[in-house]
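Here you go, one structure.
Chain naming follows the written order as A, B, C, D, E and F, and within any one chain the residues start at number 1.
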Amino acid sequence: MSLYPMKLVTIVCEAILEERVVELLRQAGAHGHTAFSVRGSGNQGERHADISETGNVQVEIIAKPAVAEALLKRLHSELFSSYAMVAYESDVRVMRPDKF
Amino acid sequence: MSLYPMKLVTIVCEAILEERVVELLRQAGAHGHTAFSVRGSGNQGERHADISETGNVQVEIIAKPAVAEALLKRLHSELFSSYAMVAYESDVRVMRPDKF
Amino acid sequence: MSLYPMKLVTIVCEAILEERVVELLRQAGAHGHTAFSVRGSGNQGERHADISETGNVQVEIIAKPAVAEALLKRLHSELFSSYAMVAYESDVRVMRPDKF
Amino acid sequence: MDFFSAIQSNLLSPAVLFFVLGIFAAVTKSDLKFPESLYSTLTIYLLIAIGFKGGVAINEAGIGVVWLPAAAAMTLGGLIPLWTYPVLRHFGKFSIADAGAIAAHYGSVSAVTFIAATNFLKSINQPYETYASAFLAVMESPAIIVGVMLGKGALGGKFSLSDQGVRHALRDSVLGKGVLLLIGSMIIGALSGKGGMASVEGFFVMPFQGVLALFLLEMGMVAGRRLGDLKKVGFFLLLFGISAPILHGSAGVLLGHLVGLSTGGATLMGVLSASASYIAAPAAVRLSLPEANPTFSLTAALAITFPFNITFGIPLFHELAKHLHV
Amino acid sequence: MDFFSAIQSNLLSPAVLFFVLGIFAAVTKSDLKFPESLYSTLTIYLLIAIGFKGGVAINEAGIGVVWLPAAAAMTLGGLIPLWTYPVLRHFGKFSIADAGAIAAHYGSVSAVTFIAATNFLKSINQPYETYASAFLAVMESPAIIVGVMLGKGALGGKFSLSDQGVRHALRDSVLGKGVLLLIGSMIIGALSGKGGMASVEGFFVMPFQGVLALFLLEMGMVAGRRLGDLKKVGFFLLLFGISAPILHGSAGVLLGHLVGLSTGGATLMGVLSASASYIAAPAAVRLSLPEANPTFSLTAALAITFPFNITFGIPLFHELAKHLHV
Amino acid sequence: MDFFSAIQSNLLSPAVLFFVLGIFAAVTKSDLKFPESLYSTLTIYLLIAIGFKGGVAINEAGIGVVWLPAAAAMTLGGLIPLWTYPVLRHFGKFSIADAGAIAAHYGSVSAVTFIAATNFLKSINQPYETYASAFLAVMESPAIIVGVMLGKGALGGKFSLSDQGVRHALRDSVLGKGVLLLIGSMIIGALSGKGGMASVEGFFVMPFQGVLALFLLEMGMVAGRRLGDLKKVGFFLLLFGISAPILHGSAGVLLGHLVGLSTGGATLMGVLSASASYIAAPAAVRLSLPEANPTFSLTAALAITFPFNITFGIPLFHELAKHLHV
């Protein structure tokens, strides 16, 4: 069984941004995403999930390196300065590289 | 403090498959798993989580490299072609290697 | 765009411990965290999430290597022996290193 | 009330209107979203409420009265896939798996359609056998089992019980939450009787209609998201989604009449036969017939047959039942 | 009932007391937490219930009676940001974005404040136009649109519809869940009328007051967590959070009186004008004016104006309405 | 109604039957699952409802009547661990931590057992002091504090307040959601009185019994999953799980009688003493006594004592109370 390297981009941001982030990742060339509601804390203080208005969402995207880079760049230039969020990249291996 | 390398296998699939995936990972030799409900999009279109019938589940398994490989192989041969799902592997480090 | 290496520490533990884990990671020097409710299985048997008393929580922390190490050490000495939990570390890359 | 004013009053019931609102919300991509656990909470509530009420009714009517129409209903459910499958295979050109999957959905039943029918009967003051939810309970599984066997190639001798997916699916269709809650609550209702009913009425009876309206709002959103798939399913399935309920519904009304049900009861048996499952069947079929494309069965059941039944089907089967009883 | 005993009975209503309990729970950092989906479930329930009741009332009163006060309410909502914005800019020294954001919140409305006001009127047996929830529905969006335009620099000619955040926000403020549920349920109520009401009353009317109490417990917790931010918002906003509702509320009562509403109806229009949105506006504003600091608008709306209105504001506007009608 | 028909009618109540259905669902590994937030929603609802009703009752009876039996109940709760602990240590051979943990569970109380008892009394038309939920509220914490101190080795002088887990646990057992909701709602009920009750009755009283049935379905599933652990806990704990409630319940009935409660009220004090906590105590004990094996305390409290109490215990303590009052 061969495994192929791919990037995993993880974004944690205000729940309200989910739709915009999904739009943005499509535009950056990603073919899919996974999302779920989370709570947390950071520079902008505590974010409670009992109210979706104050909760966060975690979005995970498997993508080719170039797409991951494009996505991170756009997040940086368009959303980072205005919203509570973090984003990070890591290395993963998949079995069906053409899926991503 | 020493850390020991281990594999993290992440599976995102139709929520309906959770029980089968857990059975399968036990058979592949894993000693535990963590699961939670997610939503997402991919080749098979959008999957909404408001109805568990259309939602996804994310299953994460820490395991020895051999177990991880066995698990991925079985996922590939038994479930990949029939269901909406992705699976990927990555490297992690743990403190109690005999636990996995 | 430059990316900077950082550690991701992931903790899965009894939901009841969330507050203590958050206190502990602050003390270890982390500046933020993300948490969400999960279910799972391991050495201590199955943990169902329909009742928060028997459910688990997954806590993810991006931190500098030294902080990650301190955190793992304290988890090991203070909580590992008494509670159902796992913790692991992995490598990620971020854009704003001073945030963590 | 004549046929057309019955249809009109049915169309203007809060339940149907909330379903329409849900479709509107989905189509306009509104940010309205039901939280993840609300839908399953409502499902649990509706199944318990309906089972419990049926059980209290059985307690009153006596099991001796219930068994014959229940057995008839169960048989009809198990038979429906037997003629549905060949039609889908030969006229619809569906694959073996797809034909079996769709047949399983149409032989099984929809609890919400049943509830909408009882509401309709109540609103026009048509009495019915209140133990009819027993029919609902026994009609859920048989068609799923038959449909899955057909879809697995039983006609070609390829069906085998050792398939893991099949075992999971059969277990779920017999011990699954739908059957468990319905039959369980029915037994509880039968055991605790009128006294038990008096104590839980404020929860399981009084708010029931409103909860149904809320549930249909969510169902509308789910159906609305499937509207786009209507193009994909093709003209044959569209036609099938309307003509199958008319055919099955008429058969159900007739059978109900033959086993001695009243106009109301025969209407309900017709509605049950006409209805297609979109909760129990999809899950069981997905697990055991993964080669079947769920878009076909779910879109037909949820976006065509369900709306047809709750708007026109119910008054239609009632009309039919009335004519048989003259 | 005189003014002070009205205030006292209002303060001792379960709804207000549960709000206080929620603040207490937040301040003492109790481990009480509402599960993630309960809050949105309660929101959906309250919006549907209130919209539906309003629709049934419109069905009875006739749209001919409703349109004039509704149009007046809508206009007032759209105008409020026009004087609020400059005050915040020049006296409060807020940035363009912050001033627009706060103005949007105060022009828009709070459904829960409205409900608390109808409860108050019921408890003192003061009749009111039951179709008043129509005002609530139409007052939500206009101020958000105006406020966002101001906050985007419309006065400096910098506002543009091509901004993605602005488009999302405007769509949400018109098609958002709040407006969709309110207007949708209102139409359903108007179509299904008294007959529809009879069927869903056991869910949407009878448990309503208790559900509100539960909701306010959660609101109290959310407000309680913001109490710490009171220091950050500064004295000007504290003052603004009390004086704006008094001013807007009085304007609303007066306008209600002028368009022919009864004492109860004028009170409600006053309460709506006085209330500040903490659901629809924050989301829309956050998306379209990210430069605005949500701590300012949310703390003011939720931790100052909301508690003021549900404790003192409501009896005050009622008192005013009574005086105008003498 | 004589003793055996009382037991029989209790066994056939919807609440008990739904508990049995839940056990069945767990044991057969049905796919029935309650969504994550339903359980905590039901908990919040039940605690508020019960606290509020108790508060209204206190408002009516006057605090002068309530304080003595409440103080007695509280004292009894705090004393129970003092004799339970040595028994568990010396006859059960449990470790210090385990004995302390189990003692904490059995001194504390179960709200659902209490509710089931009030239902039982209502169903047999036995009047009782409606302010008895005040006893429930004050009995929750003391035993947890005493049990944790014992489990930490207080008898050996090893207990220290600086332990972080202990501090969290003690705070939770005093400010925890259970006590906060019960006492908070009780104060609200006492402040808003009959008028407040009239407004929220449709939510907190009328659907109450049905909500309890739904809750017990879930409790049954949780207990059912623990059935497998019965083998692990050993014969001694099985015996303890039945004899401790009989002993504590009898003591409670007697004490209730001595402080002047009616037959119904003495029954309730007995039931409270007999009940073992499976919500508040487990959480607090887990945090402060991590060395204790939760399988022991939880299995005993949930899978042995709870079922015993809601089936046989309640009628038994009532019988006892009746005899004392002759």
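We take it that contacts are C-beta pairs under 8 Å (C-beta built on N, C-alpha and C of every residue); 3 or more make two chains touch, one makes a residue touch a chain.
The shown structure was predicted, so the numbers you read here are calculated from the model rather than taken from an experiment.
Asks: By that same contact rule, can you tell me which chains touch chain B and chain F alike?
Replies: C, D
Asks: Please indicate which chain is farthest from chain F, where distance is taken between mean Cα coordinates of the chains.
Replies: A
Asks: Going by the average position of its CA atoms, which chain sits the greatest distance from chain D?
Replies: Computed centres place C farthest from chain D.
Asks: Specify, for the interface formed by the sequence copies chain D and chain F, whether it is same or different in terms of residue numbers shared by both sides, with half as the dividing line.
Replies: Under half shared, hence different.
Asks: Indicate the whole-number Å distance between the mean C-alpha point of chain B and the mean C-alpha point of chain E.
Replies: 46
Asks: Take the average of all CA coordinates in chain C, do the same for chain F, and state the distance between these two points in whole angstrom.
Replies: Here chain C and chain F have centroids separated by 34 Å.
Asks: So how far apart, in whole Å, are chain B and chain C when each is placed at the average of its C-alpha atoms?
Replies: 19
Asks: Which chain C residues reach two or more other chains?
Replies: Residue numbers touching two or more other chains: 19, 36-37, 49, 90-91.
Asks: Identify all positions of chain F at which a residue touches two or more other chains, and write them in rising order.
Replies: 31, 33-38, 40, 206-207
Asks: Using the touch definition from the top, list the residues of chain E that touch chain F in their complex.
Replies: So the residues of chain E touching chain F come out as 9, 12-14, 17-18, 21, 24-25, 28-38, 119, 123, 205-211, 213-214, 217.
Asks: With touch defined as at the start, can you tell me which chain A residues reach chain C in the complex?
Replies: Residues of chain A touching chain C: 10, 12, 36-43, 49, 56, 58, 69, 72-73, 76, 80, 86-91.
Asks: Going by the contact rule set out above, which residues of chain A touch chain E in the complex?
Replies: Interface residues on the chain A side: 14, 16-17, 19-20, 23, 37, 46, 48-55, 82-83.
Asks: Which positions of chain F touch chain C when the two form their complex?
Replies: Those in contact with chain C are residues 33-36, 38-40, 164-165, 168, 218, 221-222, 225, 279, 282-283, 286-287, 290-291.
Asks: Can you tell me which positions in chain C touch chain A when the two form their complex?
Replies: Its residues touching chain A are 1, 3, 6, 8, 22, 31-36, 62, 90-96, 99.
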